[in-house]
Amino acid sequence: MLLEINNLQVNYFSARGKTPAVCGASLAIKKGEVLGLVGESACGKSTLALSIANLISPHEGKIAEGEIIFNNRNLIGLPEKELRALRGREISYIFQDPSSALNPVYTIGEQITEVLLGHENISKESAKEKAIQALKSAQLADAERVFSCYPHQLSGGMKQRSMIAMATILKPKLLIADEPTTALDVTVQAKIIELLIKLKNELGLSILFITHDLNLVSTIASRIAVMEKGKIIRYETKGLSKPAAAEKRKTETQSKENVLEAKNLKKYFAVETGFFRREKGIVKAVDGVDISLKYGQTLGIVGETGSGKTTLAKLLAGLYTPTEGKIYYEGNKKIIRKDFQMVFQHPFDSLNPRMKIEDILKEGLLIHKIAEPSNIKQRLCDLLDMVQMPKDSLDRFPHEFSGGQRQRIAIARAISVEPKVIICDEPVSSLDVSIQGKILQLLLELQERLNLSYVFISHDILIVKAISTTIAVMYQGKIIEQGEASQIFEHPAQEYTKELMSAARY
Amino acid sequence: MFKNKLTLFGAIIVGALAIIAIFAPFISGHDPAAIDIQQALLAPSSAHLFGTDQLGRDLFSRIVYGARVSLVIGFVAVGISIVIGLAIGSIAGYYGGRVDSVLMRLVDIMLCFPSFFLILALVAILEPNIIIIMVVIGATSWMGPARLIRAEILSLKEREFIQAAKVLGASDFRIITRHLIPNGIGPILVNAVLGIAAAILIESSLSFLGIGVQPPSPSWGNILMEGKSTLGVCWWLLLFPGVAIFITVMGYNLLGEGLRQRYVVRDK
Amino acid sequence: MIMLRIKNLKNYKLPIILAAFLFVISGCSQRTDFKNNSIITASIGDARTLIPILATDSASAEISSLLYNALVKYDKNINIVEDLAQGWDIQDGGLKIIFYLRKDVKWHDGAPFTAKDVEFTYKKLIDPGVRTAYSGDFEKIKEFNIIDDYTIELVYKEPHAPALSSWGMPIIPYHLLKDEDLNTTSYARNPIGTGPYKFKKWVTGEKIELVANPDYFEGAPLIKNYIYRVIADDASMFLELQAGGIDLMGLTPLQYKRQTNTLFFKKNFNKFRYPSFGYTYLGYNLKNDKFKDVRVRQALDYAVDKQEIINGVLLGMGRTATGPFVPESWAYNAGVALRPYDAQKAKELLAQAGWRDTNKDGWLDKDGHIFEFTIMVNQGNDLRQQAAQIIQRRLSQVGIKVKIKVVEWSVMITEFINKKQFEAVLMGWGLAREPDCFDIWHSSKTKEGEFNFISYKNDEVDQLLVEGRRIFDTKKRAKIYKRIHEILYEEQPYMFLWIADQLPIVDKRIKGIEVAPAGIYHDFIHWHIEKEND
Amino acid sequence: MAGMVPLLIGITIISFAIIHLSPGGPVELATSMDQRVTAQARQKLMHIYGLDKPLHIQYADWLLRLVRFDFGNSFLDGRKVLDKIVERLPITLLINILSLFLILIIAIPIGITSAIKANSFYDKFMTVFVFMGFAMPSFWLALLLMSFFGIQLHILPILGIKSLFFDELSLAGKILDVARHLILPVFVSCFVSLAAMSRYIKTNMMDVLHKDYIRTARAKGLSETKVIYKHALKNALLPVVTILGLSIPGLIGGSIITETVFSIPGMGRLAFEAVMARDYPVIMAELIISALLTLIGNLIADIAYSWADPRVRIGKRNV
């Protein structure tokens, strides 16, 4: 065994005292093995990872108990100096977001050579040489130029490759990759995984691969540990399949009428900086989009981060005013507020933390005077029922619920005003795979029951396919391909669409 | 919240001052306005805890009553600045675009004035009475709160629950009052607590220049101002009001700092 | 690590820093030779202009008085005596005044002083384009004739007794200013006079330095350097006195009584005390019904203990006042007796005037209104504010409710006094040595911006004031003004409060100071320094 | 830069309106209750100052002159306002730059170390220490120091910026003399502003210490010194540059008190005297110049920031 963690307990300090983050987790990694570690956000997986080389800041938390045996040495209680010698040399890390994990005020080169200079007696020149070598083996084509670049000059994928180069330059025994691809585009994710596999084989690394995406991890890991509430609860050997979304509703109710239609829709943002607010440029987030949605149908929109799909969603929901172009709501130019609702991406953010669930759900009813005051309570219970939530939720605050539950509440809020269309902006992407399916199922059921139309936005073409009647592929603010779901899936016309699909199938 | 002892200390000072100000008549023991020339300039004794001033008034009771004046100035001035700041900041942040740039331009203009100079000029030109002083301090210190509130609202505005409320069709007023303000109040509270301390200091500086709250109403600033001319002899006239200001400002700052740790420096 | 670094620093750098610091804070703070030749005085405000006919502030006037001379001046006993004029004739019952000028006077640049300079000064005083505030007295001149270089003849429109003293206005040089715009000329900061001191240097906001004029026609001053420092805060100024940076300053009563009795002060300073030329009063708006009844005004006078105010506010450093003149003036009527403090008498008089406490709430009332009024005080004047507080307390004891309103000076004048929007005001008059007070008491002087803002009207006083201006004989005039004094105290348009004492303190090494009715500065050029040996 | 014009116009309009619409005025202030001055004479003065014209004409006149950089003449002494300001600006700048420098020298280590040792006894001690300066009325502190160092110990001069016998000193003596005079004023203006800056730096530093790249640096096995002084420090100090620009108006405002207590003839005292005397041209010029200084300060801060921060210095390249 390269690493053995036994009964690890880590506490964080907080205003309310000690909060346990890892409670008695045990884990083992063999030499040359890739171990996947999955779990919902806040289940303690990152804390576990940080504890290994004791990177938990003494101000924030403390390892309370347990042992971490690395190469037959217990790392707990090891003097800081010895730990420091291990970090970067024997145990390396890659973090989730390369844009924040790299220091913005130093060049990539400085940050990589620093590792060498810190651990080895080596001249600056040869450190530079080695660093460029490492950048090259991280498959950065223009390694010399990257070496002298500041992080902000590089794309996300390049930054993560640089991080990987930095983490592997001293050929460590253990590489801890904490959600290394989550912040990256789908198409880039696959390439990073490939790179990690390549390096693992070349350098004989052991990797602890942490992610919330079970599907992703199964492409690289041989064993997968599942973590929940600070404990490892079970091991899986292979990934779960993609969300077992309910069979897509057969679109019998073929309607000719458009409930929502956008023509040549554009939205530009100006970028300003400094005390004097000079205008620095324009971002064309949505740049000439034509789409339409018929009654009772679902329009799926798929695209990467930054493709403009969220802006499009907000335009459609009337949250942004278009720079150019028109949107027709049932043929009208003005939105009928209660008929067009939205479900958002982050269930942790979409509910006002200072309001009880009752108040959150009641708000729409009060605004549109939908229920008689005497009926409100009944109506709220019905809504909770529809999204399969217990009635006693009404009295509680959002932070008392899990992500999936919150998303159900958010859906309940959306349907509370009896809308015709719901625009769903990545409604499941921040949820666990197991829960994703259930939420999709719920959405489909509600569509049937309430005769809803959806605009469904996601970066994951598989999810979109599972729920949509028609699909539009968005890239750099434009729709590059749209049509019947099955047709797009089986015969993609654009190269980009194919890329999206192959990345998703990984 | 009071885990930090300094914050607790600050809170105790602030609380004690509030009690002193509210119950001034019961605490002071003397009429702060009672002139008795025979008793002028007495050093502290059991009869006059802090001694007496040039007109023979009891300094302790003047300082106790002065707490009222000084705290009222602090609270009202900050109240005014927060109300203006809230209005301008939330309108600018919420509506954005043209409204935002015009209002923020106004904020920039106001920020270019050295605020103490502006306060001084306005108070001197208008009239140095307590109401004018409070209004002027308030009217020249709302830019901080306005910027803060705007920034808070800009970040809150992008939060999904605000968007959700909009999609539900909530009115702007409802969104600002029910969703934005309750969630953004923390930093404003911190700003208010620190602002009170600053306002008390500004009043004392104005008094030093002769245009603070004017006698006979006692403010710590004008008591200190009167004591200034006795420097070197009647030490109590200079020491006690100065210490009163010092402790108060310290208390509010420690409390504000504690609140800041809680509300502004968000832990991960 | 930080600690570690400081430790390293401690080893070798700290002593150096410490030594440097000691070096900086040491160093002699006094220079004996400098002190042996110089007198240093200080003021809160900087001078504004050294063109005396433009100056309205006391700092400018003070410096100007050392740089310039006028035709006449007051001697130590407050008589008008020769200065640049070596004599004068008053003819035609005061319609004509002839001045004979000194012939031995030179400007500091060597040019001779002549009648041309006097004429020039006169012309500038009446020039509407010059921002002088003192044209009033000179507009009464009908003709200004130069008889010869050293004789001038003035013809007045009517006999004007204050005319002579009006020529206490300093004379400015024709030859230097004839082509200058007086309002903007750089001469204002680089003046040339005829006086005992010559201008040397002006560092704005910091100091003005003068140096003795060796050719002064009354003989060179004995102290070589005169330095006028600007110290913006009175507490700082007092500290600087103790630090040895000032030789001469005016003390507050508190400083005089309480802060300068230590051994240190006794060893190093002399204190002086003499009455000032001015009085402080509470003026009533006589247009206001409350104050129309003379019995009410007398009652108020009875109800306030003036000696208490003097003791409390001035710590006894002042005298009671019975009228618009100071005891040193020949116009003062010593026969006017002070009303004693008598609250009972005050109540009786008020009752006679109809003010009684009918509802027993502690406040007097009449026709359903309580007796209540506001005293206005200008901000920044502690003494007056304290006096107002004592008056407030005393009047409350006879059942009169007084409020105090502190207002900035210019606002008080423009918004309240000039518009007669006040009930009572606590102010002071600085007096000229000339007793003419036509502008203050004559009933024709009640328009906006004029000085009879309390709207006082008494036919006898009106008549006496006119008469007093036309007669030049001091004895006859004295009779007139003594009568005015008597009437005003009886009628109480003002409550006369006090005449404060001047309280200068001077460094002991400066000798030759003589206290006279005119104060101590009348003989400034004969002050000298006892040399110290270091 | 174009943004400065509307700012400046706004500044001029607001200050002109406030000052000129207010009651009272310079003529009354200088001449009221002086028996030698008649009402007609006052009218004449009003005319000479141009105060009898309609307000918008006065404003237009003033603005037209301003464009030619002519601030007019002071009501008090008839001197060119620009001359008055130019002779007073250097000393105010000197004191403020010195104290700003001192503030940074002291506040940076305090801020950084308190952030590192957050919540320790050291941190608490420093919190109280820096707030002590903030909580004392500056004039009070100044008077106490003057009385202690100047009168009791007699080791420091208490007023002004140079001795009366300054002219007789050698060059070294002159420098020393000014240095001695500057100790107390610079210390006071530094001590009272220390809290704001050191708190700001501490907050920044604590923010930075939570950043992912600090964790990365630790994960690389760098020593704590390197992590803090190389990776955290630079990032924490960058925003200080912008704060310096914004702190200029506060410093000018603070100068009013310091310069009055210490009797230093600078901009602050000029401002105060002008306000008390209603010397409109000077008040307006002070406002414009301090606004200009603020704008210039912010411009410099903007430039310095973009020079120091690679994210701004080197624009994003499309990769």
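Lettered A, B, C and D in written order, each chain numbered from 1.
Please note the rule applied: a residue touches a chain if its C-beta (ideal position, glycine included) is under 8 Å from a C-beta of that chain, and two chains touch if they have at least 3 such contacts.
None of the values given here were measured: they were computed from a predicted structure.
Note: the chain lying farthest from subunit D is A, by mean C-alpha position.
Among the pairs A-D and A-B, the greater number of C-beta contacts is found at A-D.
The centroid of the Cα atoms in subunit A and the matching centroid in subunit D are 48 Å apart. Separating the centre of subunit A from that of subunit B, both taken as means of CA atoms, is a distance of 45 Å.
Chain geometry summary: the mean Cα position of subunit B and that of subunit C are 40 Å apart.
Taking each chain's centre as the average of its CA atoms, subunit B and subunit D sit 22 Å apart. Shown for subunit C are the residues that touch two or more other chains, namely 235, 239, 242, 408, 411. For subunit B, the set of residues that touch two or more other chains comprises 108, 124-126, 228, 231-232, 268.
Shared contact sites, meaning residues of subunit A that touch two or more other chains, fall at 275, 277. Touching chain pairs in this entry, ordered by label, are A-B, A-D, B-C, B-D, C-D. Residues of subunit D touching subunit A in their complex: 1-4, 118-119, 209, 211-213, 215-224, 226, 231, 234-235, 238, 242, 245, 298-299, 301-302, 306, 309-312, 314, 316-317, 319.
For subunit D in complex with subunit B, the touching residues are 6-7, 10-11, 14-15, 18-19, 22-24, 119, 124, 127-128, 131-132, 134-140, 143, 147, 151, 195, 199, 203, 206-207, 210, 246, 249-254, 256-257, 260, 271-272, 275-276, 278, 283, 286-287, 290-291, 294-295. Taken together, the subunit B residues at the contact with subunit C in this complex read 33-35, 37, 40-41, 54-56, 124-129, 210-211, 214-216, 226, 228-234.
On the subunit C side of its complex with subunit B, the touching residues are 234-235, 238-239, 242, 252, 254-255, 258-259, 308, 311-313, 379-380, 382, 385-386, 389-390, 392-393, 404, 406-408, 411.
Within the complex formed with subunit D, the residues of subunit C that make contact are 1-2, 23-27, 29, 31, 34, 38, 40, 45-46, 48-49, 54, 56-57, 128-129, 131-137, 183-185, 188-189, 203-207, 227, 229-233, 235-237, 239-240, 242-243, 245, 408-415, 417-418, 427, 429, 432, 437, 439-440, 447-451.
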